[in-house]
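For clarity, chains are labelled A, B, C and D in written order, and residue numbers in each chain start from 1.
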Amino acid sequence: MSGNTFGHLFAVTNFGESHGPAIGCVIDGCPPGMELSEADIQTDLDRRRPGTSRHVTQRNEPDAVQILSGVYQGRTTGTPIALLIQNTDQRSKDYGNILETFRPGHADYTYFQKYGIRDPRGGGRSSARLTAPMVAAGAVAKKWLKERFGTEFRGCMTQVGDVPIGFESWDHVPHNPFFAPVTDVAALEDYMDALRKAGDSCGARIRVSASNVPVGLGEPLFDKMDADIAYAMMGINAVKGVEIGAGFASVAQRGTTHGDSLTPAGFASNNAGGVLGGISTGQDLEVSIAIKPTSSIITPRDSIDSAGNPTQVVTKGRHDPCVGIRATPIAEAMLALVVMDHVLRHRAQCGDVVHTLPPIPASR
Amino acid sequence: MSGNTFGHLFAVTNFGESHGPAIGCVIDGCPPGMELSEADIQTDLDRRRPGTSRHVTQRNEPDAVQILSGVYQGRTTGTPIALLIQNTDQRSKDYGNILETFRPGHADYTYFQKYGIRDPRGGGRSSARLTAPMVAAGAVAKKWLKERFGTEFRGCMTQVGDVPIGFESWDHVPHNPFFAPVTDVAALEDYMDALRKAGDSCGARIRVSASNVPVGLGEPLFDKMDADIAYAMMGINAVKGVEIGAGFASVAQRGTTHGDSLTPAGFASNNAGGVLGGISTGQDLEVSIAIKPTSSIITPRDSIDSAGNPTQVVTKGRHDPCVGIRATPIAEAMLALVVMDHVLRHRAQCGDVVHTLPPIPASR
Amino acid sequence: MSGNTFGHLFAVTNFGESHGPAIGCVIDGCPPGMELSEADIQTDLDRRRPGTSRHVTQRNEPDAVQILSGVYQGRTTGTPIALLIQNTDQRSKDYGNILETFRPGHADYTYFQKYGIRDPRGGGRSSARLTAPMVAAGAVAKKWLKERFGTEFRGCMTQVGDVPIGFESWDHVPHNPFFAPVTDVAALEDYMDALRKAGDSCGARIRVSASNVPVGLGEPLFDKMDADIAYAMMGINAVKGVEIGAGFASVAQRGTTHGDSLTPAGFASNNAGGVLGGISTGQDLEVSIAIKPTSSIITPRDSIDSAGNPTQVVTKGRHDPCVGIRATPIAEAMLALVVMDHVLRHRAQCGDVVHTLPPIPASR
Amino acid sequence: MSGNTFGHLFAVTNFGESHGPAIGCVIDGCPPGMELSEADIQTDLDRRRPGTSRHVTQRNEPDAVQILSGVYQGRTTGTPIALLIQNTDQRSKDYGNILETFRPGHADYTYFQKYGIRDPRGGGRSSARLTAPMVAAGAVAKKWLKERFGTEFRGCMTQVGDVPIGFESWDHVPHNPFFAPVTDVAALEDYMDALRKAGDSCGARIRVSASNVPVGLGEPLFDKMDADIAYAMMGINAVKGVEIGAGFASVAQRGTTHGDSLTPAGFASNNAGGVLGGISTGQDLEVSIAIKPTSSIITPRDSIDSAGNPTQVVTKGRHDPCVGIRATPIAEAMLALVVMDHVLRHRAQCGDVVHTLPPIPASR
């Protein structure tokens, strides 16, 4: 109830602080019998890892994951899977006057007000570092969904600051440090270099997508598939907006164009983003999220200290000038966790799905 | 787990179908000792009620609420509050060929695939009529929060179709059928009249806001205040996008402008929309949602029937040409339910809040 | 979280007070497609109904159940099933000085201390009348389990006061007002008549059993099948003890006799009561519960009033001299709800069970 | 939902297997600001530790606990507290033919049927070793409750096999290996020595008690204090029965004697065991549990192998001949976790308790 467990039937309990001895999670509810090793998880962790380009934080963490339980002779047993990631490159001294002041736009202030105490080292619990265990848990969900339904999760950056990024192909995403679906990222690199020199930070827009999602996932009133996706995405650090399918563009659409026609060969379009009435249509899930600029910047900002007096705060240390850059694998993982949870929920009430009608296509 | 309960500590379990004998909800967790009568709830129900202008569905429902339990001698006792609303104006015959076909953009298709059976009368469980019990439950939460903290919830329409609506004053909202914060709604009326004649529907954009929200509400990792707001809003029928504070505009912002400065007199701005690190800052909560066009329109659309054969579907009966028009009180109610739940969660772990620092202002 | 919902995946939310306008429940998570009518539910309600013999309360309630939602054309749709039972024979005047005093052994005192307010009419929320909606919900679970697995739930009284009741046959249970598995209940009738004349009350011991329970139900650590049964049974009004299988007798047993041998033809005995390591063995679930004497008696008892002053309390009105008499159908219903919930939980994580080994027999 | 998390607001997620690299838990919901170190937890772990007398398993585990998160500068921060205990003395070879057979009375069979795969090393997940993290979590709860309300948890053995143990004083409990409240344990030692020589095992009966428990804890219908205690206790390995207060003895009591009179000086007796209507009275919580004989014994037993063929099974390796001996600190911990969870639940709905009446006494 204190908000550190994600999911209901595939439930991931996250623990740790940015500069504590270790971070990790416990996955409860994983179906038994799936082959699983650390290597299956490490791949996605490496995609999210800091220090991999000059555009992200230079903190050097191998983020090597260890499976502590729930796997026997290389297969999941149905019991909790505990995953542990040691913190190895904490430098708590970098945090200068943050201990006594509050960064504008940062959780410093609210944690202090909520708990009356906060671990300020590296942002403590509010650090984006805590997304690493979710990426690890997401890798387990992805593997099961892939084997079972062929479900695939993909993400890419579609805008950085005020620079929109066109879509050329998913194939380009792994080949540049931005997760951009284009071949030429020179403009993005220049933009980021200038930003870093200016001691400033910027926002980003990310698209995440899932294909081969079973029809019929999601609950009727509150735990709608799209509601749970919105919850998952808005819970990622720095996210300020979430869209499904046509999103905010649907405001200006007419009913005659927005509603996706059904044909015997499948849906003719995907304004719905793969969800109708909160339940998956079987089309691709299409999600877009807005990420705000990093609050930890070296440009001095007006603030107050913990006694309430005015001061200025400057954040030294190692930070991402655009947290959106590393957000793609995180958003994919969260989407996978939502889909996984809903597959198990669906099985509980309705048994294994038997689809009675063909329609699906469009958008893949 | 089947998604019909909203909230954790102030938990609202919703039941009913559009054309069944009754709809309602059970509120579990309401603090004891609060004065409560049907009249306290009816006011908000009346704001959401159908049939109040020519721009909404002409179904005539008094939506009179009855308290079945949880109140003794005019005060809440701490036990479940069951609220019942009789359905009185069902006309199930209006639904022509919907019984055997699927409306493009509607939950018809997904319910059928999920359950293998669906109640098609008036949209059954997927009808927006099921938001009525939430408005009722929200009224209970609003009352408690108002008495305890002076919290106020307000909403207004900010765009209908492609017509943006400026903001003049909250005072105008109750005086026009659109919940528009302006005095002159002639253009909106013309727009809606033309749309209705064209047999089409349109989307809308709604803003919801809460003031006098305690600082420190929300959980650190997953049940963040903004994540839960996104979940609540995306769960409202037809919503396709949610923003908190600067929302999607934050993508193009710089860290130097986005982060709200703290001063001894309070925050200097509210790009955060009242939430930092998932925890309320004490500033106004600011939320914006996108609502898609109604899928039930009289213009013929391509679809398939339940045997998978191509057909055309025309929706007769009484429908809202813009479901967004009645969405304002619904969005307010859902926001109130989120805040209420988080107040109780906060009390559980941290006890009653004692704020140690003054900052709050800006935006009220 | 306020304890009015039973179960997780087959979740029953109960509401109402003894003398309010109505009581009822909402079942969330029922699988779709099952035939269901009020008649399916009424049978069990009639078994629990007051006023059916001189040995139970003379309150005359038809306990007629109405299905408000979740059923379309005689089949469950997968959406919430709301069940309503009107209260028709409240006589709130009977409660004399209970309004201002606390009955020894009754929840009067604790409700007052917890909430600072209580509905004293008929015991309010603490009345055993609130088990009626559970019996109704249990009937839905029983029906589904019967159709799916042939599961049967049976209960009987095994002791009343200090009079033990032998076991002759399940067949006798419906033919006497005690749910006793014997033909001759004259001694029980005499015992109860004497007790009533003495203005006193007594306890009872009840056995509940389930056969044709699937193997493999229950979770490994906390939501063990036996833990959830203990929770369900101890939650029934007036229950003070719960045993599974050999129960307290197992304290004096040796490992060589207690552990049930496995043979190719099945288990050789059932000391386990159908549960090993918290997971069902497929043998009969065997449960025994202790029910304390009713606290509402006409013999004067020492107590205090709500100002803390000494007083005497006498309970007039209509009460069961032995609440255990009507407990049998309640205990059966609660056991059915536990099994049902675990079937759905099992399906979620492990899919539909494929048993790989024959052993089961013994004890049926 | 897979049953590895205990509690709702003070939620403990347990992970690990008997012979895996480590076991542990994550506590979510601990109030912030409490001083906490490993030493606070180690004391109770040492009481439960194996290898401390000849009457328990000779597995030699230091059970040294490490705090991985949730504590900053010696104080809890309100974020998850992860506790890790390394397994150091696994000897997986000891398990002979257990890999392919099922011990009578053991979870071997049910785990295999449920999951289709099981970790047989040391009982895997079904090992009583997994109670260690609960003892650790219970120590955190105990500390908070002690500081806040002066609540104390105590337990003792009241019967071993067919040998009843009288009650002399709580003071004797720490001074013998049986947690017996007597000075002379020679008879118990002889009994256990004979049992071990016979290659057999026996059951035990344990009493647990809590004093200075706040009045008003527990929920009205399902999460009653006694129901949650029954759930917690029946979830401990090998427990087959649970009693609250007078327990099964209440069956033969009359209402005139069972109901505890209230006087201005407090309750006159405690048949209720500290709970009325599911809500704590403020008197001592009194609980008694039955523990069955260990199923792992060296005497050959009839069983089947995983192909369903008849065989005999002999359990070599290191086992407790009476698991009840080490159960006392476990039962205390589970009781503490139940009380802690209910304190937080009570605060959520009702705020901090203000007791309005004096009665409490009796039984301390």
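Convention: contacts are C-beta pairs under 8 Å (C-beta built on N, C-alpha and C of every residue); 3 or more make two chains touch, one makes a residue touch a chain.
Only a predicted model underlies this, so the values are computations on that prediction, with no experimental measurement involved.
Chain pair with the larger contact count among A-D and C-D is C-D, by C-beta pairs in contact.
By residue number, over half of the touching pairs seen at A-B are also found at C-D, the match among B-D, C-D or B-C. Summarising the inter-chain layout, the chain whose CA centre lies farthest from the centre of subunit C is A. Distance from the subunit A centre to the subunit C centre is 45 Å, each centre being the mean of its Cα atoms.
Once the centre of each chain is set as its mean CA position, subunit A and subunit D turn out to be 39 Å apart.
In whole angstrom, the spacing between the mean C-alpha positions of subunit C and subunit D is 26. The residues of subunit C that reach two or more other chains are 1-2, 4-5, 8-9, 14, 29, 32, 78-79, 114-116, 125, 220, 345, 348-350, listed in rising order.
Against subunit D, in their complex, subunit C makes its touches with residues 1-6, 8-9, 14, 102-107, 109-116, 125-126, 130, 159, 161-162, 195, 200-205, 215-224, 226-235, 237, 239-256, 258-264, 268, 271-273, 275-282, 290-295, 297, 299, 301-304, 306, 308-310, 345-346, 348-350, 353-359. Contacts from subunit D toward subunit B in the complex involve residues 1, 9, 29-32, 78-79, 220, 344-345, 347-352.
Looking at the complex, you find that subunit A touches subunit D at residues 1-2, 4-5, 8-9, 11, 13-17, 20-24, 26, 28-29, 32-33, 66, 68-70, 72, 75, 77-82, 114-119, 121, 124-125.
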